[in-house]
Each structure stands twice: as C-alpha cells, then as structure tokens.
Amino acid sequence: MNQLQLKQLIEAALFAHPQPLSAEQLHQLLLSEGEASLTMVKGLLKELQTDYQERGIELVKVASGYRFQTRAELGQRLASLWQEKPQKYSQALLETLALIVYRQPITRGEIEQIRGVSVSSNIIKTLQERNWIKVVGHKEVPGRPQLYASTKEFLDDFNLSDLSELPDIDTLDEDDERTAETAINEREQ
Amino acid sequence: MNQLQLKQLIEAALFAHPQPLSAEQLHQLLLSEGEASLTMVKGLLKELQTDYQERGIELVKVASGYRFQTRAELGQRLASLWQEKPQKYSQALLETLALIVYRQPITRGEIEQIRGVSVSSNIIKTLQERNWIKVVGHKEVPGRPQLYASTKEFLDDFNLSDLSELPDIDTLDEDDERTAETAINEREQ
Amino acid sequence: MAEQQSLPLGFVRGEPVIEKPEDLYIPPDALEVILDTFSGPMDLLLYLIRKQKLDIVDMPILTITRQYVEYVEMMKELKLELAADYLVMAAILAEIKSRLLLPKPPQEEDEEDDPRAELVRRLKEYEAIREGAEHIDSQPQVGRDILLSEVATDAREHVTTPPPEVTIEDLTLAFSRVLQQVELNAHHHIQREQLSTRQRMSQVIELLSEKKYVAFSQLFKRTEGRAGAVVSFLAILELVKESMIELSQVEPMSDIRISLRNRQQDESVTA
C-alpha cells in the first residue's frame, strides 16, 4: 500500500468506526506489521485534519482518539433533520384557554364551576409559559383568587389585533341551541 | 448562506444522518424557503461526489438517497477493526433471495417449486429481519398465499439504486449459456 | 464405516466412482457436508450434469437418474437425515426414465412431448436463479464490503420541540363545547357580552392592581371614539355588577373615582 492508500484506509476507518480511534489503535488494528510506523500514522492524521479544514465535517482529537464530527457552527441548522412535529394540546387546556379569552377576567374557581371539573395547575402553567394568559389582579372575595386574562402575545400569536376579531359565539340563538342539543344527544347515546 | 456554506451543510447532513437522504429531503428538511433550488442542491451533490473521488469514502446514490460509505476495495482491510467476521449467507438463502428479487412478486410455493426443496422458515425470517423482503399481497389462488417482493433496504444494503442495476438472468440464449458455464466451471475449480 | 465408505459415490458413463468427487470437500467424519454443499435436489442434479460437461438440454436421463439415485442411496446408507425433497426428485427421474423406455408411435416424436421437457425447463430456470444468486452475492454489501460513515454530531442537542399550534377554530370550538355543557347544566348562565367588553374589564382590573384608584374619566380615551366609550362604560358596569370594583365620589359633581372593591375598605380600616 502506498502513502495515498494508507491515508484512505485510515480515513475510512475513522468514518466507519462508531468510537474514536487513537493513532496507536489505528496503527495496531489496521496495519500489518512493518507496513507503516506510528509516526507515519500520526503524520497522515495531521494531513487529514488539514484536508478537512474547509469541509462540513472536521477531524478532531478527543480524549479517546480521533473522530470526525460535524462543524459546531452547523449544529443549529442540522437540527432540522431531527425536528419533531409539534404535539397537540388537550381539550381541557383548549377549553380553559377559551374561557379565559372569552370570559376574562376570570378566576380559576369560575373556570372550574363552568367546566364542572377542576383545572390542573399544569394547564395554567403551560398557558402562562406560552405567555398567552396573565394574572391581572385579584377578585375581592374570600381567598382573593387571581384573575386571569389574555395577553398581547396571545393576540399576536393568533394574528389578531383585537379580541373583538374573534368569532362571536356568545349568543346561543335558536339554531345554535338546536345544534347544541343534537350534539348533546349524540354524545349521550 | 453562500454556496460554500450550503455545500458544507449538505455534506455535514449526509455524514450525520444515519439513513441516506434524497436531494428532495435535503432540500425540504435542511433549507429554508427560497434559500436554494432543488437543482442547486443536486448540483452541490454532484460537486461533493467529485470532491470525494480520491478519498477513503465516497458519496454514492442508493435507492433511498445519497450516503457516504467506505470504498468497497477497502472492505477487507477494514474488517480487522471488528472482532466478528461478517455473516456469510448460505446458498439456500441466496437462491431464495434471488428468486424473490428476480421473480417478484412470488409465493413461497413457487420458490419451492423452482428450487425443488421446501423453504425453511428460518430463511424467510432472516430475510424479513434484515428488511430485504416484504409481503406485498396475496395471490388469488386457493389458500391465498403471500406474495413476496424485495424492499428499498435490499437495494440500499446491496449498493443499488435500482433493481435494473443487477445483471439480467432472464434470457438464456447461446451467449448467456456460455457465461453460465464459465461461472460453473469457476465454481468447480 | 469401512464398508459404507466403499460404496460408489457416483457413476460416470456407467463406471462407478469410488472416490468422493474431487471438487467437493468432504471431511471423512462429516459426510453431512454433501447435503450442506448442495442446496437441494436441483442443485445436485445440475452438478451431475455439469460434471459431465453436458448441456442441460442434452441431459442423458438414464445416466443422470442412476447417479442421482446412487447419491441418494448413499446418503440414506449413511443415515443422514435426508430431506424428502431428494426422494421426490428421484421419483420424478424414475418416472421420466420409464416413459422414455416405453415405445411410442413415431408421429408423436415431437420435442414438446419429450418427457424430459418439464425437468429441462425447471433446471434452466433453476440455473438462471443460481446465476442471480451469484450476482447478488457479488454485489458490494453493507457490513461486508462497505461500511457506512458514522460521524458524531451535536445537532441533536439543538433540536427543540416546537410548542403545539392552536388555531382560532380550535379555540372557538372549545368555547362552544363549554357553552354546550353549560346549556346542559342549565343553572349556569353565560351572559351575552361583547368580547371587547371582557377585554376592557381585564384592562381596568389590571390598571387598578397597579394604582389605588383611577378617575372615571381616565378610562375613556378620545381616540377610541364613541364605540370605545361604550365599551369602557359597559366594562365598568359589568365590573360593578360582579362586585369587583367600587365607584366613589368625594364631593358632589367632582370626578368619580374607581377602585378595587374591598381594598379601599381594608385600607380605611387600617388607617
């Protein structure tokens, strides 16, 4: 094997091996006796590092040996290869959000009373983390519960300039009631 | 991102991603809208193939996309990195695989008829575990036996981008027979 | 064992062959290898034909049948676990042989009628498949001849799961579901109010959380026009109705002050 072939062999080994390989390992595992000196292997590794200076991957030396890795500055862009699809929110969260939006300012107790079930702290936390709801004050009743309202970010995220742009479904007129009834009947069956 | 950075990004993606990536996938997953055309991505892939012509690894196109792999002629030398020898497949397995590949879609009964011997369940299991074959349907004859076909993974694992890249065995005319004889003579030596 | 080993392993042009076929490696203690060497009866048959450097079409059925049966007999003698498939082929060969030996009317001497035709067709197809198997085996194979690159990357650390998306439709749907439930438990009543009124109520409450009180007039902005004034007024009325705020007037005709309910009382108590 000539110099070029040896370099190709070392290069291929570093790419194929899942763990880093040291110069000693490469020398011992890959080359037959007397084929090349350890110094020569080290020289070829230096050459390879230079070869990859302008490429999307680089040959770096870590504690256990040499390995190829993607350039650090590309990590952010490469992440899109593994990007996951967003998940979905639960019905409970959507209903809580809807009540805060449509019936603000509203206390947790009031939400629970209307929905007939308790509101989990996780839902409130999630909505606050997304900056969609905020506490605007306290209701002056025993316990002084917090009053929740929607935020500007909520309007921004839903591409609204004003809450009044939301479809008005306050009024359950005759038609709606019939629909609601049908829906309930269906649900009960 | 300029041309060089785009090339580095595509290069890094192909190295980092465990499965092959098609030009379309690279274009869609990696680039933001309008950053580069699909034609440009294909052009950069061609450039990369040229860049790696003299290296220990090469950029090849297989059925499911582009991937970097070690040069085939280095395989033997690289084997010394691993303790275990790669599995050698039996003649029976290879014949069964050949029947499924060349005569697909085919039933187990048809395979047995041509080979003159019953197909062991182990062989089918091994081929399915390797994802080289799959059931594509049922033959509408009594018993509705399963019809086997080869998969994309088969093409990938045998370094093929398309079934047509495999040498033909269909027409056994004079010339072919001579080739077949040569092959058998070689086998006997 | 000695007796069994003297069995002819095969016949070439009628002559028994005592030695094992030279091109087959058969360790003395492991004649099973014969079975392993051939992938089946078709393989053995093809081997016997090729051994005589003959073409499949010219297959001398009598010779081949005899040789084939010898092999099978030997395997049986050695008590090797013989696949039934080998016996099936022996039967096929015997049948062809007997049909060939039967005299038949001269007109029917037709290639189509050659009793060997079906077997020849099968052998040809089998030979083609053997060739295909060789083609596949000689392809560079991942794991055997080629290895895939495994390059380390920090990209996964940058992966962020985007938060779920909610559309206006999701929201209105959720709200109408709540309304339906409310209708079901008829004791709740959701009043009809404009959404902008509810929004203004939030704003007033928020303002009052920061300041002790605000002047009534401060809640009306000229830029909002008449509609804005109506919204503010409705919000104040609603807040009063829900006992969330209190209105007070220090002197007649002076500006009305708005403050959160109770807080003022608390303060007056402590004062």
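Which chain is which? They are A, B and C, in the order written, and residues in each are numbered from 1.
Assume a contact is a pair of C-beta atoms (placed from the backbone, for glycine too) under 8 Å apart; a residue touches a chain by one contact, two chains touch by 3 or more.
Since this is a predicted model, take the numbers as computed values, not measurements.
*Asks:* Take each protein chain as a node, join two nodes whenever their chains touch, and name the resulting shape: line, ring, star, complete or other.
*Replies:* Shape of the chain contacts: complete, all pairs touching.
*Asks:* More contacting C-beta pairs: A-C or B-C?
*Replies:* By number of C-beta pairs in contact, A-C is the larger.
*Asks:* Of all the other chains, whose mean CA position lies farthest from chain A?
*Replies:* Greatest centre separation from chain A goes to chain B.
*Asks:* Please compute the C-alpha centroid of chain A, do the same for chain B, then give the distance between them in whole Å.
*Replies:* Here the centre of chain B sits 34 Å away from the centre of chain A.
*Asks:* Could you grab the centroid distance between chain B and chain C? Build each centroid from C-alpha atoms only and quote it in angstrom.
*Replies:* 18
*Asks:* Per the centroid of Cα atoms for each chain, what is the distance between chain A and chain C, given in Å?
*Replies:* Averaging C-alpha atoms per chain gives centres 24 Å apart.
*Asks:* Do you know which chain A residues sit against two or more other chains?
*Replies:* 12, 15-17, 57, 68, 70, 74, 78, 81, 83
*Asks:* Show the residues in chain C shared as contacts by 2 or more other chains, in ascending order.
*Replies:* Residues 147-151, 153, 155 of chain C each touch two or more of the other chains.
*Asks:* List the residues on chain B that touch chain A in their complex, please.
*Replies:* So the residues of chain B touching chain A come out as 4, 7-13, 15-17, 21, 29-30, 54-57, 68, 70-71, 74, 77-78, 80-81.
*Asks:* Okay, in this complex, where on chain C does chain A touch?
*Replies:* 147-168, 170-185, 188, 190-196, 198-199, 201-203, 205-206, 208-209, 243-244, 260-263
*Asks:* Residues of chain A touching chain C in their complex?
*Replies:* 12, 15-18, 57, 67-70, 72, 74-76, 78-79, 81-84, 86-89, 91, 94-95, 97-99, 101-105, 113-116, 130, 136-141, 147, 149-150, 158, 160, 162-164, 166-172, 176-177, 180-181, 183-184
*Asks:* Which residues of chain C touch chain B in the complex?
*Replies:* Residue list for chain C touching chain B: 23, 39-43, 45, 50, 55, 83, 85, 88-89, 122, 124-137, 139-151, 153, 155.
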